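Let me begin by presenting the structure, written as structure tokens, before commenting on it.
We just call them A, B, C and D in the order they show up, numbering each chain from 1.
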Amino acid sequence: MTETLQTAVAGVTGYAGAELARLLLRHPRLKGRPPVFVGRVEEKDAARGGIPLIEIHPQLADNNGTGNLRLEPFSWELLDARGVEVLFLATPHEQSRAWVPEALTRGLRVIDLSGAWRLTEAANRAVYAFEDEGSEQAATTQALAVYGMPELHRSRIAGARLIANPGCYSTSVILALKPLMAAGLLDLSRGIVADAKSGVSGAGKAPTAKTHFMYAADNLSAYGVFGHRHTGELLEQIGIGANEIAFTPHLLPIPRGILSTIYVHFQQAQTHASIAKVYHDFFAASPMVRFYDKALPQIQYVVRTNYADIGFQLDPSGRRSVIVSCLDNLLKGAAGQAVQNLNVMLGWSESEGLE
Amino acid sequence: MTETLQTAVAGVTGYAGAELARLLLRHPRLKGRPPVFVGRVEEKDAARGGIPLIEIHPQLADNNGTGNLRLEPFSWELLDARGVEVLFLATPHEQSRAWVPEALTRGLRVIDLSGAWRLTEAANRAVYAFEDEGSEQAATTQALAVYGMPELHRSRIAGARLIANPGCYSTSVILALKPLMAAGLLDLSRGIVADAKSGVSGAGKAPTAKTHFMYAADNLSAYGVFGHRHTGELLEQIGIGANEIAFTPHLLPIPRGILSTIYVHFQQAQTHASIAKVYHDFFAASPMVRFYDKALPQIQYVVRTNYADIGFQLDPSGRRSVIVSCLDNLLKGAAGQAVQNLNVMLGWSESEGLE
Amino acid sequence: MTETLQTAVAGVTGYAGAELARLLLRHPRLKGRPPVFVGRVEEKDAARGGIPLIEIHPQLADNNGTGNLRLEPFSWELLDARGVEVLFLATPHEQSRAWVPEALTRGLRVIDLSGAWRLTEAANRAVYAFEDEGSEQAATTQALAVYGMPELHRSRIAGARLIANPGCYSTSVILALKPLMAAGLLDLSRGIVADAKSGVSGAGKAPTAKTHFMYAADNLSAYGVFGHRHTGELLEQIGIGANEIAFTPHLLPIPRGILSTIYVHFQQAQTHASIAKVYHDFFAASPMVRFYDKALPQIQYVVRTNYADIGFQLDPSGRRSVIVSCLDNLLKGAAGQAVQNLNVMLGWSESEGLE
Amino acid sequence: MTETLQTAVAGVTGYAGAELARLLLRHPRLKGRPPVFVGRVEEKDAARGGIPLIEIHPQLADNNGTGNLRLEPFSWELLDARGVEVLFLATPHEQSRAWVPEALTRGLRVIDLSGAWRLTEAANRAVYAFEDEGSEQAATTQALAVYGMPELHRSRIAGARLIANPGCYSTSVILALKPLMAAGLLDLSRGIVADAKSGVSGAGKAPTAKTHFMYAADNLSAYGVFGHRHTGELLEQIGIGANEIAFTPHLLPIPRGILSTIYVHFQQAQTHASIAKVYHDFFAASPMVRFYDKALPQIQYVVRTNYADIGFQLDPSGRRSVIVSCLDNLLKGAAGQAVQNLNVMLGWSESEGLE
């Protein structure tokens, strides 16, 4: 078990990057070893040694020295000089696609929060239109990638050199469905519906017409119907076909949090106890999932935590169920899960620094 | 065609009642004939001639005389004395259940916004546990009731003495599904999912743990899974069985508006044009429904209007569709539809006073 | 009194422009004569006869023909051809500055919603840094401008050719203070504080870091301290010196509405009745101001109305008062007041089309 | 310096109580010694050993044993049996008033979050109308109370047996003004204005008309003008007269956070540097205050932290300033400050468990 190590973060300017910075700065194993923050920095800022992190995220300011942390110009040499061992990428997928092969060559371990390396099927990757799609390098890199959901792939993550950190919606839906699928209970012929709703931070930090307060507030809208990028992750990780699930994301007028309402049919009538047992067993060793035996989870209970909360209600017939799955899109749906992956990768306690 | 007439409103203290008051006060056909507002009034308020309406709803204040309107103690004699011809009930269903038979006996026409008289099947009414269930009077009254959705029952509403104004969720889901059902397109064997989300005004004006700002804000929660009262309306009006639809309401952190995301399968592959034609034809004579041919509707476009907005997206296979249906729960979902029913009942233009 | 006339609107794409469109389209005097909408239009849109208004503002869609309205490329010739008599400018102040002299030359009457022509003192205009500051044309035009607050300048507005429609914050503060100032009650030596809070629509439609949902929601921030552009209007209209008032705007996490909390000292002890009389008398002929004798106004009561609501509370000493002034920044603070000015200008009822 | 000790919390059901529970449960010095939670518990709950804390506050659930914590029926015997040394009261002031004398007699140290013991002047206490006002016991108890603001009374807190934890608004205003007052800079003859705005959690957990989502959302309202209970704390702690400050609280449509905008006059012209130095010096040893030298603080930067953020802007004349002070009303304004007081009282690091 590694005592500690040096991390770096590229992409700290976004919402997930800011959460990642916060988590790593207070992680008990990384005390006194703040991440190296790297990215695009203009000349005039490079000249002053980088941009103070608290200019970018004033909420990171505390009276314990974070005032000295800076976003420095990215270079492989800088990472070398600082002895970086694990590189977090909270960058756009194009960037991750470009950087990861080089990082692996240089012996870095990478935890990539983008969608660059999550999908093993070319058909599912098509929606990203990667420039290097089909190249040998891309294939080699993809082969090294482990889908970073500890609840499904704990042992493979432990030895991985490249973690493809899951999408926020994907995490919410996969955790709810995988246990039922693995238990062979689902009647796929009648189709699954995953109706998901996310807070605005999921839409990114760039000011756009859709992230304008006047658009998002007092509103609700569906988008990406039959075409959202996270769909491929659902298919591959749950193990179902494209026609067996309908996934619709919505933009909620709240800062953060995802709630997915999932509708399934069972092959045979179930009882509340039989379904509860499936979830209990599946997540018995998973400290970051909370199964609700009685009530249904709500967004307010998971926001600012790394928990995924799952509950369900059964139709009187026992043949249908509505499952509700909640998480914080910036934590269990992004930065928190990334740190959870770091913990598993290094043999640390899975929930360390996440409570 | 009636020139004008005298209305009365019971239940003006709630949100739907307030909207109803606003609409009736500015209705072109009712100029100079404000509704009589009746309800429970304490002695000390009765002594001063009732409670000024603007003490109850300050937002109704204008500089045109609304300051003189009052909520007066309910009595049949008062309604007689004022020559009331149409009585709106925005009261709890128990109240509507108790008052409607007497009102009909006295020759009043009634538009009831509660759930008291919407359901023709005893099994569907069970969820309300009406005290007079099974009585002859209840059966006679129910037989007179017309479900007040002009898009489905325009001609029957015209002659009705008792209008059962539909539920807010029901309106949203029925308008989206009825055209497809009537056209015989739906594959019911695979089930319909109606995932509905409503603003907080739908939960009523009583301060409760669930309507507390701290509960509702920055949150989303599902409720009434497999058991919401509006389900019976869906079954009866769409003409489907209880096992053929799963309906889940959610509480949105916004004041008003409903968006329903509805998932259907078709018996045969459809095109965008074929589905669009079904909707266009069905709503050709319906001024209060807006069909979106290209985009999907959003809550922000219907709030504070009486429109129901409907749009859809088709799966590439043509065999599945996601339909999005939006309305303002206090208008098309309550008070606005009530006024629309009044218009139809009296032979006025259907959208009069609703634009 | 003019029966009707042809209007045009430049700047319909913004929030105030959209409200203006809505108001003019339903104004009883303008039935059947929708405004000509003009602005910058790209070639490809010009080629299709302009941009349909409902593509820009879907919420304007109704089933009464608004679908045919279009934003057309601006030209003086088009305005001539359509017989435009009154031109509304909901454009940036630079645009208004450039267009107004030409419009007046061509005999158009102009109601300008920007800050271009509100200020008579060069010192107060300095904050705008107008390019044509000091030119003869600018001076001539300014001399024709009437500050468009009917409650203060009703008779001059009636004959005006150029109305400078007031700022939203300014309207809120001036209406609260002018009556007390005119009555000679204020002790200016102790200073006035105007602490104002506005919804996000006041920050404009452009997506920026400050209008991002993640910035505005769950937040409150002060800005423009000792330097907001609306300050000059306060000084000129109330008739006080820059050191006699401190005005601080704040960005509220709501779509619309302004509440100003104003702190004053009186030269002599007042009673509640003496202050109330001052307000009653001052606004006796002003249908768009509601004076609250007992309670204090709140934003929720003015939103989506053209009312300015004013109330106050007196210190037991009678020497200090807190005045609360509310309005909807897009209506009484912009488009509504513009229509009110149109009404006054043309001798129509002041509140026509505004209820 | 005490190694650790046993705490108890009365009043865990409210918002401040929940935050207090969260802070104490994760406090490094209290690991393995969770507080004893006491309060009113019905017979049937007492029979099952009290109410599980996670039934009251589901968000406290984690996978580390909080599921076993319970709210137990209050009794002095229970506190004795558990060896409680410090009792936190997050109870209504009447309760605190009744319990504190007995607690002190029994040798407990008390940190009281209510307004019961904050005020030394009878005139300022009048607004509370305490039943035991004027009694010898009350006077004796009051004499033992220390106003729990470490930035002002650090050394007295260290030895105190009874801490009167400050009000949320009071903390926000006092921290902004005390440094300037202590430095003798303020011109009180022109009056101070403190315009404060608070999130809804400040209004308490009871569902009321004012805390209903429909009242608070999309709204802003002033209340308690010239009469809020926190005023007395301002007078006593800052050392000014009632006529020298006007304090107006407002209800913001956000869950938590306070921003106070404070207007002062100086006796002599100041520079930005001279004022900044006053704040720097005053808070040099105060880890929980962040002074903003350049920007102004905003609510979003303090929410969910125990920091009080203070910034200011100076009028060009140097004679007037606007000071902006922000904090989280449930943390630095309540539970966080209570833990800060615990730390100071026991000689622990002042910010321990608060970062």
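Here is the rule we use: a residue touches a chain if its C-beta (ideal position, glycine included) is under 8 Å from a C-beta of that chain, and two chains touch if they have at least 3 such contacts.
Keep in mind it's a predicted model, so treat the numbers as computed, not measured.
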Selected interface, B-D versus B-C, where C-beta contact pairs are more numerous = B-D
Computing the C-alpha centre of each chain, which chain sits at the greatest distance from chain B?
-> D
Please report how many Å separate the Cα centroid of chain C from that of chain D, as a whole number.
-> 41
Using the average of all C-alpha atoms in each chain as its centre, how far is it in Å between chain B and chain D?
-> 46
Chain centre separation in whole Å, for chain C relative to chain B (CA means) = 37
Residues in chain C with touches to at least two other chains are numbered 215, 217-218, 253-255, 298, 300
Quick one: which bits of chain C touch chain B in the complex? Just the residue numbers, please.
-> 26, 58-59, 61-64, 218, 287-288, 290, 295, 298, 300-301, 304-305, 307, 351, 355
In the complex with chain B, residue positions of chain A that touch it | 189-191, 193, 195, 197, 215, 217-223, 225-226, 243, 246, 248, 250, 252-255, 257, 259, 261, 263, 265, 296, 298-300, 303, 313-317, 319-320, 322, 324
Along chain B, where are the residues that touch chain D in the complex?
-> 15, 200-201, 205, 207-209, 211-218, 253-255
